[in-house]
Structures are given as structure tokens and as C-alpha cells.
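Labels run A, B, C, D and E following the written order; every chain starts at residue 1.
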Amino acid sequence: MTDKSETAPVETPSLGAAIMMLLRMRGVMEVLVPLATLIVFLIAWDTTVRVNNIPPYILPRPWDVVTTFVTDWPILWDALQITLLITFSALLLAIVGGALTALLFAQSRWAEIALYPYAVVLQVTPIVAIAPLLIVYAPSTEAVLLICAFLVAFFPILSNTVQGLKSADHNLVDLFELYGASKSQQLRLLKIPTALPYFVAGLNIAGGLALIGSVVAEFTAGAAGSKAGLAFRILEAGRRLNIPRLFAALLLITLTGVAIFILTSFISKLLLRRWHESAMTRER
Amino acid sequence: QELTSVSFGTGWLAQAEQGGFYQALADGTYESFGLDVDIVMGGPQTPMMQRLAAGQIQFMQSSTLSNLDAVARGIPVVSVAAFMQKDPQALLAHPDKGFDDLGDLAGLPTLYLGGSGFDTFFQWMKGKYEGFSDAQYAPYTYNPAVFIADPDSGMQSYVTSEPFDIQNRTGWAPAVFLLADYGFGGYADEIVALQPLIDSDPDLVQRFVDASIIGWYNYMYGDPSAGNALIQQDNPEMTDEQIAFSRQQMLALDMVMWDAAIAGGLGCMDGGRIETFFNEMVAAGVMTADVDYASSFTTDFVCKNVGADLFPDAAAQ
Amino acid sequence: MTDPMAPLVSLRNVEKRYGNGTLALTGMSLDIQAGEFVSLLGPSGCGKSTALRLVAGLGQPSSGQIVKPVKQKGESHPVSFVFQEPTLMPWASVTDNVWLPLRLEGMSKKLAQPRIDEALDMVGLSKFRTAYPRELSGGMKMRVSIARALVTRPKLLLMDEPFAALDEITRQKLNDDILRLWETHGWTVMFVTHSVFEATYMSSRVVVMAPRPGRVIADAPVPLPHPRSPDLRTDPVFTAVARDLSHALHETMDAQAIAAH
Amino acid sequence: MTDKSETAPVETPSLGAAIMMLLRMRGVMEVLVPLATLIVFLIAWDTTVRVNNIPPYILPRPWDVVTTFVTDWPILWDALQITLLITFSALLLAIVGGALTALLFAQSRWAEIALYPYAVVLQVTPIVAIAPLLIVYAPSTEAVLLICAFLVAFFPILSNTVQGLKSADHNLVDLFELYGASKSQQLRLLKIPTALPYFVAGLNIAGGLALIGSVVAEFTAGAAGSKAGLAFRILEAGRRLNIPRLFAALLLITLTGVAIFILTSFISKLLLRRWHESAMTRER
Amino acid sequence: MTDPMAPLVSLRNVEKRYGNGTLALTGMSLDIQAGEFVSLLGPSGCGKSTALRLVAGLGQPSSGQIVKPVKQKGESHPVSFVFQEPTLMPWASVTDNVWLPLRLEGMSKKLAQPRIDEALDMVGLSKFRTAYPRELSGGMKMRVSIARALVTRPKLLLMDEPFAALDEITRQKLNDDILRLWETHGWTVMFVTHSVFEATYMSSRVVVMAPRPGRVIADAPVPLPHPRSPDLRTDPVFTAVARDLSHALHETMDAQAIAAH
């Protein structure tokens, strides 16, 4: 029977092992692999354009986009700053607003019953439809954009956090009740930590949504000229058939989105690293 | 007889401003020219120029400035006919403001402009008048309520379109400033095609242009009901009153029968006007001087007084 | 107005039926005077944990009455509970887990530190102050839970098989520590255990419960003096009491086995 | 000490108890309370309009909206059907696509590293910007709308499910490994059940997003005439200054959103009812 | 090629250091022949669970070598493990939890049902087939976990304090049941317990471990014949072995207590 046994780790460094070692350098691979995918994608794109002879005003070649990215950088950079300002303000408001509302709901069942449907209403109200109405009454264009982007980013945070706040281990709830924890103590010391993994999942979603929210809002209600954000530049480039610039602006939005995602993922890891399964490597 | 299939893309939802094309389709004019025409309705953001460039449609409705833009990007578009001798683009203001010149609107804190308006005629206005600035810009989302609610605002509009609804709902008629009256000289309602098509099948282009011209004569000066019915079929929201208003405006403001059309018939273009317009746009910074504006149009297919017999002559009027 | 003989804890004809229809307790009656050390013995699943939870106020009986100490203003919480499972907060260090009951009373960590240290010392985990629950062995987690219960110095201490996961030596040490605390502070203790010897050694009174649906079928004082010492285990009275309890337990389980046939 | 004791439940039915009984009829209250909030809101709205003399082409009175709702029902109903078709197709695609992609990521760390960034890219690409490009190549307008709505709804499902699949209890993972569970068994029997609460939280978000996604897409790329959805009706009504109809259409979208939310919440409860803390009432 | 004396399980000079720096095992060596019933005794936190997990392949030693049975094609899984915590799937019924190991081998529920029933019968939970884990008492959960381990009829059975949460009567019954299974099927068992008596009663050999960092400090065969019966508990050899083991345990813990000063 023992010949069926297995002898564990007497590491004889072989070529295979060396390769595995390399592959285990996750930090590096997490950058390299998507980059490789990107390169494959770019080559496919470029080949398609070349082989089918697609003119640049339909689909520019990747290199054209990069060139435009560089030459138009001053314009794009100004626009990016404006979009980023809206995005991050909206995200911040959504985090604060979503989390606080979720806390309110956790504290008062009545508030939840009375107001949750309206949170849903806020989410599903098509901002593009109400943006024109908002323009009439809002103090400034920026305010309209902010409201729109906020409305889109708000709900994922709220909904996930509500779900998280409800997921507290019943045994721990008992413990807290036993020791006469006040509602606010239960919230602070038990429900909020439990809700964290859900909250960060919501944050990951909301980050991207705040960005598209602000872009969509800009599409319908954005300012022009020196206050123009990326969406305005995209529209303008589209109207003027400046397709390389349109793609460059799209690229910039996309990169921004990925950057926001990396940021929110990093925050997640930071918040959960000490104890949650999703952020911990299993101790072997 | 074998019909040739062609698609014609419009710049907006079906409306009286496209009446001639619908009329030609409805009353069989296109068919009698051997054409099976499919009118592809446009709308906000519909990328008709890309579809033309991609070969999905053969003709599209466009305006001088868009053509120049396309040429600037290397799209070989060529305008072959122009039905609106005056661009219907106008600015509106509240009537009680007492404005009587386009330049007066510079005093308004807010102008609701579409993005394309901002890119083009607003740049031109900034050059022509003192006091217009980017800070006035507020996006126009084709909902006039914003303008109605704010007496200190102006708004972009089609002279044939928005004033009707505004008067209808509010009971007051806005002050209208038609840009063409202040020297904004581009054509609108043009038919454009790609250069390769013109080179390879000039006959097809000619037939489409001719049929469209006849359609326009019939629509404007004959019985428009067939065209209107088709418009309403494509765009059921279009009311009889709105259509009647638009058509009336086109007649009253001499939008189709003016300038070059008087001599050459509907659809005729004046190359000199396009050059002037181009130079003004360059001066306004809307485009660069190196654009080959001359390649953006040809008068080969128009100004031949095709269908002129359908125009009720001055005596008959 | 105070009746000196009124029990601190009293269950009168308590029935508990869970939502899924399981009848966990029926006709359960038990009075406990302040200062008693009562052990609960009974087969697995007979309702011991259920009874303790009802006394702690974690759940309502389906019928019957329960009397239990309630918190007075300005006093610290009168009841502590060592649950059968460690029930630690995975996101908090050992120190923070033990701090919890005091924290809930508004005591700062700094102020609580001596008491936390004392409790951790008693369960032998001083070196693991900063560890997280997932870094502890099963027995160590349970000891954190015990430390958390002791840190409040409760009037009524409920312990649900607190020492089951511990080796005999640690267990005996903690047996003696708890007894010493009980004697000095005049606590009242309800103690669930599966060890007849432990029950006899610790308690002033032992209650035996019948299998599901749970109720009291034997209730015997342990006629041995306090303080108790390990030598007691060879005392003939001790052995006799333990034997009697063991019998009672066997009988009730045999009765069930017969009933099942 | 015993006088400090408390005697528990000798229910003496009093008026207070009777009221509490009533209040406990949750099912009823969950409808009544939001309804009451709604009525308060409507009265406030109506009063504002009356007191400030706001004309109906700026802000109609609630009753006008209701009337329009009824008189324009045939038009709205047709439009609703089109919007619903897009929304539910997109939601379905998002559920299937999001869940499958999450499963792929759970099965292959490499797939996750290589592709997750692109899922983020898909989320943050502003659909409004690419809708016009899509129209050029997509087989039909419906396809464009579907793609846009799908892209918006997809990410919340993906992101939440990925987080959920990673949250499996490490002890249970050990158990499965011990018994030689294959990757697919681990997935099916362990990770998917663990991920369910996260998935349903994602579903709650995605439901609303699919709706606004399809509305926003319609705004930029929608068909007119008989194929027009609710967004087109809103735009049209706006242009025509038929503000009561605009509001009626908005109302319909909102109601649809709430209905979708109720549906997804119900599905959540159904899926989790037997075991998850968030869906269970604590046994007292 | 097979060496009949080659051990089924072997730890050679194993060291295990966890990520946070805790040294759980050091210089741990232990050979177990097929068919042995080996109990592990040791103070809480000494590394018993860690050792069992290493033998099960759940984790890699920091250094040293481990030999363990591996799964052969077509065979059912050779190792079963009763974890110290019940580790049940909260979303699955009792039946489904017990079914799991067989299910993972591809056995349908229908086919597995007799074996599931048998295992549940043995732990006395036949009536709770359809219950969910949260509806069970602590001891009942642990019994489900035991049933789950028995249902596979493993070559090597690892049990980490399986009976700690059970009353003495149920515990004795299960002691005897396991012994009977071991005798009939020729299993090999590694059994962690805190009860010296239980260890002596069950095992063919008892190993005592020193406190952290864990290693073997005593390794004694139990010179008593199998099958064993409850009367054995009064046998003088039995008492002597138990006393020796108890001593070994006390010594190692005292040594630690001294070292701590």
C-alpha cells in the first residue's frame, strides 16, 4: 500500500519548477497577462483595418489613435480633469449617501419600508430624461452632472450595503443582544464589519458607474468650451468626424475606468485583508 | 423594367422639411425614374455619414457644413443638390425682450444650443457680433421647456419646427432670428453621395436628383397629402398641424425657391456662395484653410430647370 | 418588597417549540437561588442550550414563564454567556474580542486593559493578545470566549460546555479558577457539561434533563462543602453522587431507547 | 435582587398590544407605508405647482399625469412592451453572461488575470458614445439597444459573483479538497452556493440597470414610429412639449423599475430563504 | 516492490510554521502502520490539528517529509477527516451533508442512501435527515460530521476531538461503534482526544505531544487485547496505562509552566 504513497516537498529545482516559480510572481503576471491580451487585440484590430482597407473615418488604426492621443493631449487632459472632478465627487457622494442610507435602513425597519422603494425609483429614473428638467432648476451645469452621476453610482452601494448589513451572523447578533448592545453599537461593531465585503463589492461597481454616469450626463447636459468634459469632446469629435480623436477620448475614459477599478479593488483588499476569505490567501 | 435599389438616409425623424423626398416616393416619381428608394430615417445621434462612408446607404441628406467636415476628414462626399436655399437654423428669444437683431442675443446669460450648433454657427456668431461667449452655452436637448421656463435665455431652433409647439403650448410666439437672414450662408437639405458612386454611375445620381427635384416641386406647389401621409407613417407623432406649419414656413420664408433656385430651378447651388461660406467658417475657426472645399460639391446634376413646369409661374400666382 | 427567597432565575412550566416544529422543551420548571452553582446534564439535543438561551433572554418561550435578572441603570450587564461555539468576531483581535462586553458598556480599551489581561492570563492566552481568531486552535478560540464571559464579572454566568474542547489539565485548572471566582464574587452559575464528574465537582446542585422534548427529571444537591479541591475526586460522597447522576442519565436515555422501539 | 427581575410573556391584550399586532402585519405595512409616503409626496408636488402657478408644460400636476397615463395608455403600452423586451433580454443575457464569466474566472486564475480588466473596460465604455458606431455595423437597432443595455447590466452581476465565489469558507474548501473534489465539483457544490447571496445582490442592481441601460440606449439609438420604446416617447413628448405625457412615460419607467426590483428581491428571498442570514428571520 | 513494513503514514522531522510566524510543530516524527489505532494527546494549541491536517494533505510542512496514502484510480477516497469544528454546508440538509463525500465520488443520492441512512443511524440522527444545520444542537452538528466521515469507509480515518461535544452515553456508544468498524474493516485511525481514558480505551497506541511547538514526547502501545468492552475500564492494566499517560501529559505541561517563568 505504501508504494501508493506520496513523498512531499523535497524541492529538486528543475526547469519546470523554475518556470512555475516565475509564474508565481503574481504581481508581475497580473500586469503582463492583460498586456499580452491587449497586444493580441491591437494586432487583430490593426490587421482587420489593413486587410479590409477600412478608412480612418470609420475605424482608425491603433497607432493613429495613439498619435492623436499624444497630439491632442492638452485638449484631452483639460476634458479629463473636468470629467474626473464630476466622477469622483459623484462617487464620494454615492459612497457617503449610499452607506448612510443603508445604515438608516438598518437602524429603522420603518425607514426601510417607507424609503427603499424610492431608492429604487431614483435608480431607475432615466437621468437622460430628467437632465433637461434639472437644467432649468439646478444652480449650475456641474450640479446637474453631479446629480446624474450620483444617482447612477448610489444604488449599487446602497443595495449591496443593505444586503451586507443584514448578513450578520445570528450567533454574534445574539451575543451583542445579550450584552445589551445599543442599536448603534450593534451597527458599529457588528453589522458594519459584516457588511464590509458587500460594501466593497458595491464600491467596485459604483466606481465604474460614477464614470459612465458622469459621461452620460455630460452627453445630455454637459458644458462646452473650456468647461467641456470628455463626453463633449467625444460628441464633438463624432460630429466633426474626427474619429481618431473620438477613439482617443474613449480610450482615455476606458483607462480612467480601469484606474478607478484598480483603486477600488485596492481599497477592498486593504479593508478586508486581515480577516475576510475573499481577500486572504488560504493558509496551507 | 428592373428598378435600381437605393437607400437615402435623412438627417432627422420624418418631417415636412424632407417633404419632397417623401413626396417623390409616395407618388411614384422615384419608381418612374427606375428607382426603388428606401428612406432610412435619421434621428439624434444617428451616424448617417458613417453609414454613407461604409456604403450602407447611397445618398443622404446633409448640409454644407457637414460636407465640409467630411471632406476635411478625407471622406469623399459630394453634394449634388441643395433644396434649402436658406438653412432653417434660427435662434429664438422671448418676445417681451424687445430684441430686433441677432446680435442683441449676446446680452442673454444663457443660450440653449445643440452641440452641432455650438460647433458651427455659434462660432460664426462670435466672430460676427460682439459679446457672445462660450459661457452662454447650455446644452439643448430638444426639449424647449428649458427655454420657456427661463425668460433670460435664447434657444436654437428650426424655424419650421419649434416655434409651432411653443406657440401652441404657451400662447405666445417667440421672437425668431433666422440665421440665413443674417448672412449664415450654408445650404441645407442637400443630397450627398460618395465620389466613387458619382464616377461609376452618374446616371443613377442624375435620376435620383431629378426625381427628388420633381418630388420637391410637387410637395411645395402641388398636393402634398401623399408625401405627408408617408411622413406620418414613418413618424406617427407628426401632427397635421405641425406639418402644415412647417410647409407654410418654408413657403412664407422662401426657403426652397430663392437665390440660385430662381434661375436654375429647385436644388440648384451657387458655388460662389459655398466658397464665401467656407471662408467665413475658416475665419471663425471652425475649419482650417487647407480643406479642399471645391471637392465638396458639384453642380453637374442641378440647375437644369428640371420640373420647372411644375412651378406655378408668377402670373398664375 | 424584596422576597429574600424569590429565585434569581426561574423557569415555570416552560415549553419551547422552534419554527420548524421541533419541540425542544416541554414542562420545564427550575428555580435557581442567587449564589447557586447549578450544572445541567443531559443527552445531546435535549434542550440544554435552548434552556440557557431562554434564561439569557435570547428567545421567547412558546408558553410558560421565565424570571431572570435584568440590567439596572448604571450597573454592568448582569448576565454573561459562554456559548457552545466560540462565536468570535473574525475581524477583531483576541484582545478586542475579549474587550467587547466592556466596550458595550462604554469602557475604553485603556481602562479595560487590566481586566482583559487578567482574563486572558487566566485562560493562558496572554501571548496571543494580537492574534486573530483564524490563527487560533479550536481550544484556544473557546478559551477566548471564556475570557470574554469572565471579563464582565457577571451576576449570573451561563456556560454551555465551555471546557469540552480543552485538555484535561487546562480543564482542571479552569474548573478551579471558575470555582474560586464563584466563591469570591458570590456569582450564580448555570453550567452545561457532559462530564458527570465535572458537574459533581463544580456544582452545589446538579439537574439532569430528559431527551427531547427536554424537561427536568432529576434535581440533586451535591452535599459537599466548598471550597473544593482536586482530592475530592476520591471522596466516597463524591463518587456516590456521581454514580447516582450517571444512573439517572442512563435511565432517561434507556427509557428513550425503549420508547423508540 | 429578584424584584429587578422581569416576567415574560403573560400576554394581556391591551390597546397598545393590539396596535403592535397590526403593525406586525408586515405584508400589509410594506405596501401601506410606501404608499403613504407617496401620497405625501404627491400632495407636496401638487401644492407646489398650484401655489407657484407653474404651467403644465413645465411641471404638470399629478392628476394631469394620471389622466394622460390613462388616455395615452395605448401608445405607452406599445412603447412599454418594446422597452420591456429589450430590458429583460438584456437582463437575461447579463445574468447568463455575468454568471458564466464569473464561473470562468473562478475556474481559471489565468482567465481572470487576462480578462477581468477587459470586463472593467466593457463596463466603463460609455455606451452612449459607442452606440452610434454600433449602429453602423449592428444588424438592427434592437441589437444595438440590447448590446448597450447588456453592457450596463453585466458588470454588477459579474463583479458581485466573482466576489461571492471567492468568499467560500476556507474550512469547507479544505473539506472538499480532502475528498478530492474536482474543480467543477467545488464550483457546483461549494462556491456557487456561497456566491448566491452576492449574486442576488448583483441581480438587484442589474435589474434596474438593465432598464436604464435600455432607456439610455434608446435615447441615443432608438427607433421611431411603431418600434419606439418609452425613451423615444419621452424624447418625442419633450420636443413636442407634451410634458404630461413625458411624465406619464417617466412614471411608467419608474413603476417598471420598482416591479423589476420586487421581482429580483423575491427571487433573492426564494434562493436564500432556507439558509442565509439575510433572508431568514432570526429564530427567537 | 512493496515493503510490508513501510508505514502508511509517516512524519519525518516535520516543522510547520504558519504565515504569521507561529511555530506549530517542530521536529515532529511519527510512523503509523496500516491497521493501527493511534490516539494523539496533548495540551490545547500544541499542534494536534495541525498534524492531522498535514497528514490529510491540507497544507504543506515548512520542512521535513510526510508520507500519506494517495487516492488510486477507481478507488474511493482513502482518507476521511472529522474536523474539530462540524464544518457543515449551511445550505444543505443533513442527508446532503452526509452524502457529500460519496457525491464527490460520483455516487447518486439514491445509490448512496442506504449508506447515508446507516451512518445517520449510527450517530442517532435518523429523525433529522431533512433538517438544516442551523436547526441542530452543537452535539448533533458534530454527529453529522462524524456520519459524513464514516460514510466513505476510508482506509485512514482522521478524527479531531470528534466526541468532545457529546454526552458520555452517546460518546461511549460511538466509541464502541468506531472500534467495531475499525476491527471489521481494518481501518487505520488517527484520533485526537483530550480524554486520557478515551485514548486508552480506544487505541492500540497513544502518542503524547508537547506544548507549542508541538512534537512527540511519549509514544506508548496500549497492551490490551481487542475487541475491547466497557468492563475494561476497571482493568488494572488499563488504569496503569491511563495513569502513565496522564503523568506524561502533566510533566510536559509542568515543564512548560516552569519554562514560562
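Simple rule for what comes next: a residue touches a chain if its C-beta (ideal position, glycine included) is under 8 Å from a C-beta of that chain, and two chains touch if they have at least 3 such contacts.
Keep in mind the model is a prediction, meaning the values are calculated, not measured.
Path length between chain B and chain C in the chain contact graph, taken as the least number of steps between touching chains: 2.
Taking each chain's centre as the mean of its CA atoms, B is the chain most distant from chain E. Averaged C-alpha coordinates put the centre of chain A at 47 Å from the centre of chain E.
Chain C and chain E have Cα centroids separated by 28 Å.
The centroid of the Cα atoms in chain A and the matching centroid in chain D are 18 Å apart.
Each of the following residues of chain B touches two or more other chains: 47, 50, 54, 141, 143, 145, 149. For chain A, the set of residues that touch two or more other chains comprises 58, 132-133, 136, 169-170, 220, 235, 238, 276, 283. Residues of chain C found to touch two or more other chains are 18, 58, 85, 134. Per the touch definition, chain E reaches chain C in the complex via residues 18, 20, 22, 41-45, 48-50, 84-85, 131, 135-140, 143, 160-161, 164-171, 194-196, 246, 249-250, 253. By the touch criterion given at the top, residues 13-14, 41, 43-47, 50-51, 54, 56, 141-145, 148-149, 162, 165-166, 168-170, 233-237 of chain B touch chain D in their complex.
Interface residues of chain E facing chain D in the complex, by the touch rule stated above, are 53, 56-58, 71, 77, 79, 81, 83, 85, 87, 89-92, 100-101, 103-105, 132, 134, 152. Within the complex formed with chain E, the chain D residues making contact are 169, 171-172, 174-182, 185, 189-190, 193, 196, 274-276, 283.
Residues 29-30, 33-34, 36-37, 58, 110, 113-118, 120-121, 123-130, 132-133, 136, 152, 155-156, 159-160, 163, 166-170, 173, 197-198, 200-202, 204-205, 208-209, 211-212, 215-216, 219-220, 231, 234-235, 238, 246, 250, 253-254, 256-258, 260-261, 276-278, 280, 282-283 of chain A are the ones touching chain D in the complex.
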